[in-house]
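Everything below concerns the one structure shown next.
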Amino acid sequence: MMYWSELAWLIPIIPLISFVVVGFLGNKAFKRIENGGYFAILMAAVACFLSLMVAFEILTGGYPGGTFIQSMNWMTVPGFTFNMGIYIDTLTALMLIVVSFISTLVVIYSVGYMHEEGEKKRRYYAEISLFICAMLGLVLSSNFLQMFIFWEIVGLCSYLLIGFWNTKPSAASAAKKAFLVTRIGDIMFMLGLFIFFVWFQGNLDFSYIFNNVDAFLGGNDLLTLGTFFIFGGAIGKSAQFPLHDWLPDAMEGPTTVSALIHAATMVKAGVYLVARTYPVMVETPNTMLIIAIIGGITALMAATMALNNPNIKRVLAYSTISQLGYMFLALGTGGYLFFHTQETNAGFMSGMFHLMNHAFFKALLFLSAGAVIHAVHTEDMRLMGGLSKKLKITSLVMLIGCISIAGIPPLSGFWSKDEILAVVFETGAENPLFYVLYIMGILTAFMTAFYMFRLWYMTFAGEPRDHHVYDHAHESPKVMWVPLAILAALAFGSGFALFFGFSEAIQPTMFHPHAETWTQILEIVFTDVLTYLSIIAAVLGIFLAYLMYRKRSINPDVFVATPARRKIYGLLLARYGFTAAYDWIGLKVVYGVAKAVDWFDRKVIDGIVNGFAIVTIKVGNIVRRGQTGFVQSYAALVVAGVSIIVILLFLFGGVI
Amino acid sequence: MFENFPILSLLLIVPLIGSMMTFAAGKHAKAARYLALVFSGITLVIATLIIMNFSLSAPLGTEFQFDEAYDWVPMLGISYHLGVDGISMLMVFLSALLVFLAILFSWDVEERTSSYMGLMLLLDVGVLGVFTALDYFLFYIFWEVVLIPMYFLIAIWGGPSRAYASIKFFIYTHVASLFMLLGIFALYFTASPLLGAPSFDMIEIASVSGDIGHALQLIIYAALFFGFIVKMPMVPFHTWLPDAHVQAPTAGSVLLAGLLLKMGSYGIIRICVFTFPDITVEAQVLIAIIGVLSIVYGAFACLAQTDLKKMVAYSSISHMGIVLLGIATLTDLGMAAAVFQMFAHGLITAVLFMTCGMFQHKAGTREIPLLGGLAPKVPVLSTVMMIGFMASLGLPGLVGFVAEFSVFTATYDFFDLWVIVPIASVALTAAYYIWAMQRSIFGSLTTKIDTEHIHDAYWFETVPLAVLIGLIALFGIYPRLVMDIIVPSIPRILTGVI
Amino acid sequence: MPLPWDFIIFLFVAAVTIIAALAVLWSKEIVRSVMWLTLAFLGVAFTYLFLGAEYLAIIQITIYVGAVAVLMLFGIMLTKRRLLGGGRDE
Amino acid sequence: MALDYSALYPVLVMVIFAAALPAVNLVAKSSRSLAGVSVVGILSSMGFVIYYMLNGYPAMMGGETVLLLRLDVFAALFALVFQFVALYVVLASARYIEKDRHQAEYFSLIMLATSGMIVVAMAVDLISLFVGLETASLSSYALVAFRKRDKRGAEAAVKYLVIGGMSSALSLYGISLLYGITGTTNLEGINSGLAAMSSGLNPAAWLAIAMLLAGFGFKVAIVPFHQWAPDVYEGAPTPISGLLAAGSKKMGFVAMFKVFLVALIALKADWQILAAILAILTMTIGNVVALQQTNIKRMLAYSSIGQAGYMIIAIAVASQFAVESSIFHIITHAFMKGGAFMVVAALSYVALGESIADYKGLGRRAPLVALSMGIFLFALAGIPPLSGFWSKVFLFSSAIDASQVVDQGWMVWLAIAGILNSALSLYYYARVVKYMFVDDGPTTERLKIPLSLSAAIAICLVATIAIGIWPEPVIDLCEQAARALVPLLG
Amino acid sequence: MIAIEYFIGLSAILFIIGAVGVLTRKSAIVVLMCIELMLNAANINFVAFSAYSGNMNGMVFALVSIAIAAAEVAVGLAIVLNLYKARDTIGLDEVNLLRW
């Protein structure tokens, strides 16, 4: 019998074909089809179709054993085996759906959004195809090394796409920052890989490692270190504190790219990595604790930074960081709890659930923002306002996205966020620190609701602030708003997956998940006081935003009313000084050392080398002057030579 | 297929004849070009034939393949002994390939074309000889033969201060080789009595080197090692390299970095490790420190450069440090990865120097601050540069990653978490490349140079680059093609170590 | 004990030879130098006699005194007058 | 007791030809025909030597009691070297002196000088050694002064004469002391005499060592007895500079080997380190001073000094392998350095200056000659696979070899010094090469080198390359020669 | 018989005088003479050693060296005269065209 999964290896290959064909075949061939756009869509769609089939097969248990594994030898060195292959379990399936589906929509949307870019579009479609390929490859990887390979290619693609408008210095700079900062995480990832590679007897296959966690020979401390380093990779890629600062800058890329990065690829890779490593991670509670703490801090900090930012895309970027923080919080908490109780908990599930939901509503939000930008040609919300009249569809779908992210039931964001907060609170029983994290989570929820609605109100509600901008605004073409509509539907409804066995399907086997009916779930959710707490926080946030930006009963200027407040306001705008710190490290410390090394190299090391040469030549010239040209001085030297030899012989006798 | 046919000699003779004929072409530049291309092409074909007939299944520890041995000066035990194992096989192929591509890339050299092409072929002879020689004396001769064409290439076709750079290169590396020679002779004199007959044969000497007194071994080792690390070059004996590279013509830089540096690391593997396993084990940490120092120091130095080519030159130091680090692990993985890195660096650095040369050629400068925003003007060149940089900074999917990852894995395996130090330089590497790219091809179009007449790559530039990039990607995606050649030869190198 | 006449004579000859040799250095004029040199050569010839090498003594006189010194004189004479002043010693 | 003179035939042939040349001059006026006659003389002399080499050497000349000359493989090898040097010098001179007067005497003197050198090579007694040495020296004094109108030539000759005369006086005095100590002038006799005397402290012997070092050190131009050499090489007619560097200097080495390694070997402990110090001094000063020279002949002269330093290593090391290597280096150097001087001669014949800067762009003006020069210079620098590489390498390695003996560890410093110097020397050799091939000259007009000069260069070139590619026969000969010279050394 | 030391002493003194002359006198001809003195000093040695050891080699050597010395004077004088012709001086302190 033939399984769809056996075709899974094609999934990353198909966009790769698109990359090669579009990227290297020249402009002429693609002039007619949006410079390759339609081809890219076709390929993405095929990949998406395959992904959906495979995912469906795996999620429904269509494949015997539940996990599809395929592997081939990539390279062998005595003691180490490098394999390449396919590993599909339910987690992979989930990611396949998210990635391929959103990517396809983004590519479709791009046809409208990037229409005016001319020949550069070809590069765009090629790169975005590669991006999709890399992310799908990452998801399908059968071992850590392969994952790392695609991980890096994802980084490369983000670099290329963020720097798509590379003639803009700020874009080039942002791309550089994205690449370099995530690379720091990658290095940690690599370290983790080394630890795994060496102490798992030279085998990095998931199937081997997950089934033989006990085979780790390095002891638990080292395992903790290993998992921590692996998580380090996620810190970089998923823009977690303290490596989060590249993400806001990455908004220099086209909005579609931002959507892709934030919703489907790149930043989700980090979460996926931690989820993928879960069977090992749960053995190391300390790592889990760190993950949870970093997740919590990130969630809160990013949310604060989003509060006052005037740039529509940046706000969304901060919100992504913040939501990613939630995901890590969930994963970390779940693992920590599991280690201590050895019982199933919702941490892992809620994290991944949030990942999926977030993928949909963040894609929706970004693409909507893209539509707005497309319409008004600015990203500054202070120039917008009242656009809901002109951009009816956009304003509507965006509103859905905002509600969803704010966590208002029954939209998707609510379900996952609620699960996360619940499990964090539950873990507080094990470690009081989690209560703190819970409070941070609630605060974040409040802020999220606030800044999202601030964004919506500033953009769509009220009176237009800049009539020039307003007058030129127009609704997006169909090719753009149709994907938006699809995403809106999903953002609205993806949360209901919870009622259709999402939980059981997605949990790792070691959790021994048990099925719950949808009534049970609803009962659990809505009998808990905490649920209402989070809803209240969200509603409060929305209400505050309404008061300030819609009704204007509170003047937003209160935040800058006093010097202290202005300072805080500025601090938030300056991203807590992280940007400056990065620059300082880069320009002052690293570049300073580099300058010093260069100086040392030229003056000291090369100086010594050249010094030898100079001294030799100088000595030569001095000795040369001894050759006076007077023969009697030569004779004198002969006599002196003889005398010295005689004296030496007499002094030292037979020894000299 | 070639059991009794002296194919390795043929490999050396063909470029030699080609070189003579090319020199003889004199003023007929066009003839010289085609002659050089044809002969280097034949060399490449022969090298390819050899590699295709290279037996991968030969049992571990078997002798060298395509072995040829004739007496030369039997009185002193000097013989003409050639042979290849997996390590040298790879280097032979790389040499033949790079020379061929470099000749093609130099298609537009107008000044003294025949000499230029002839010297390239002569260089080919020397390098191929170094990688196939199994006799110390022969090895040394080829080693030195390499210097002369390179000296001329730099001195005649080089940049403004070529006189300084060429003589510095010449003398610096000559000093090192002389010390190596000293070591070779000391080895010869101590090993010959142990063998009962004078011999310069690498394999025979290695079989008795363990019986040499420890102190003497140490001295010999130091002399040889010094000779090799200057060639590689490792910090602090590296300062000839940036000068030589900056001044050398593009093809010269390609061969200098692509092949000549490999001679050093090849020597360490083939001679130091193979012949003196005990000392190598003792010096292991020191070797690793030198390697790491070069990696980090080179990376920092790169960051401070404003000349694109100088930056790439320093990056060579950094990347050759990775080779040394791999060797220092003395594990199968590390050693194999070191060889892989030699190969990878050969391919990558060729691309990098070619792009630098094209910038010089087309934009008239390599100074990064003067460049900027050229990507739309020269899309092919920019793309190639980007791929080259990415390969060099160890992007997976390209050949450099496999090597670096393996080396660092082996380093972790052996030196534990000290691997953090060299691996941190990976970020630095990314930093200087990305930063250089940001300033040279991205951003707004420069006004400091005339950008009106910049022409993108010509066909003879595109073809070699395309070939190289194709190989970089091919071996990056499927490294087994290379690794399977290397791996069987490693245990033999390491027999004494384990 | 009889006086060691041969010894005394040897000492005399030696003294003459040495003084003549020194005079070669000291004299201002080259011609004088040649004369003193001739004397020194003669002294050496006499010394040979003390050593029982009569044949050598004769050779010494004929070659050195007869040939070399004369050659030198001729050499000096054949050149211009200024040379006779002893070159640049003044 | 009838003497067997057959060992003397090679020398006699040369002397007869030398004597006959002025007579020949009456019939054949041109320098070319004179050179032709000389070449015939040299070749026939060479024929004798080769005949003896192939068919066994004649008995010693001088009977049983007073052994004066012996033609053995050592002597024959050096005789051949000197003859080769004479050959190419004569060839080069054929056109070089075509406008000078006294051409017949010029060639005579070259032949005489060569025969003196051969006598030195054959000598087994200090008397014959001294006679040969002086014959060669006196001839070369005259040769240096050959161009009478040339201010520099006259100056060079006087300098050569003064230092040469003083040096022969020094060596003669040293020899007399040795004779006084041992009562014999036979080289091996001196050695056994010295060995028989067990007194550790022997001031007379030390004085003799010092004086002999100075006396013969003058010939080979070791520091500090070297200062005449650059002046004389620069001032002499260029072929004669070649003769001095390639012939006369080698004769000095032969004499030194005979005196130190045969006669004084019993006192090895006294002079070994001294010789080592002198070797290092010589090579260092020679090379360091050569760096900044602007006159090519002068540069070559200093390079000769440096090379002499390498050759002295043999005396310092005093092992058979070292002597063998040194002989080898002497032979290769005779061709490399001689060749270089021949190139200079050829170029000055076509009115190119002697300044190194004049060689700019030579690669285009006279490609083959420039290439030859490049090969000679690289050979001198010791770049493989040229002849100089092998011999230099063997020399240094002989020091390493010997350093493995107990108490001789310091000898490795000779090798290290040699190596550093070798690298240093590369600088000034490469500089010339750079001028020739890299830089552009003021003109690209072709230079036409006459055939005889080309032939002289070709002899050196062939030898330099052939020995480089196939060194074995020469090494074999050198080993035999070393064994014949110093059978006692290990 | 007179002790050999006296002869050796005489020879040494003559040798040193000769050497001093070579170093100090400016006239090339005088320098040549001084060289002859040195050679003569060596000859005294030879003859003395020969006489005291009964070995004839020393005498032979002295004979040979006298002959050589004569030849050397002849050549030397010619060269000095040549110098005079070419440079109009025989002062050794005036000829230093060739130097450094």
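Observations, loosely collected:
To keep things simple, chains are lettered A, B, C, D and E as they appear, and every chain counts its residues starting from 1.
Throughout what follows, a residue touches a chain if its C-beta (ideal position, glycine included) is under 8 Å from a C-beta of that chain, and two chains touch if they have at least 3 such contacts.
Just so we're clear, the structure is a prediction, and the values are computed from it rather than from any experiment.
Touching chain D and chain E together: A.
The minimum number of touch steps linking chain C to chain D comes to 2.
With centres computed as the average of Cα coordinates, no chain lies farther from chain B than C. Note: the chain lying farthest from chain E is A, by mean C-alpha position.
Just to note, of A-E and A-D, the chains joined by more C-beta pairs in contact are A-D. Of all chains shown, B has the CA centroid lying nearest to the centroid of every protein CA atom. Distance from the chain B centre to the chain C centre is 76 Å, each centre being the mean of its Cα atoms.
Separation between the centroids of chain A and chain C, computed from CA atoms only, is 107 Å. If you average the Cα atoms of chain A and of chain B, the two centres end up 37 Å apart.
Here the CA centre of chain B is 42 Å from the CA centre of chain D. None of the residues of chain C touches two or more other chains. Listed for chain E are residues 18-19, 22, 24, 26, 28, 31-32, 43, 48, 50, 80, 92-93, 95-99, each touching two or more other chains.
In chain A, the positions touching at least two other chains are 624, 627, 629, 631-632, 635. Pairs of chains meeting the touch criterion: A-B, A-D, A-E, B-D, C-E, D-E.
Touching chain D in their complex are the following residues of chain B: 72-76, 140-141, 144-145, 147-148, 151-152, 155-156, 162-163, 166-167, 170-171, 174-175, 178-179, 181-182, 185-186, 188-190, 216. Across the complex, chain A meets chain D through its residues 616-617, 619-621, 623-624, 626-627, 629, 631-635, 637-638, 640-642, 645-646, 648-650, 653-656. Taken in their complex, chain B has these residues touching chain A: 168, 172, 235-236, 238-240, 297, 300-305, 331-333, 336-337, 373, 375-376, 390, 395-397, 401-402, 405-406, 408-409, 412-413, 417, 419-420, 423-424, 426-428, 430-431, 434-435, 437-438, 441-445, 478-480, 483-484, 487, 490-491.
Residues 19, 22-24, 26, 31, 92-93, 95-100 of chain E are the ones that touch chain A when the two sit in their complex. The touching residues of chain E, when paired with chain C in their complex, are 2, 6-7, 10, 13-14, 17-18, 20-21, 24-30, 32-34, 36-37, 40, 43-44, 47-48, 50-51, 59, 62-63, 66-67, 69-70, 73-74, 77, 80-81, 84, 89-91, 93-94.
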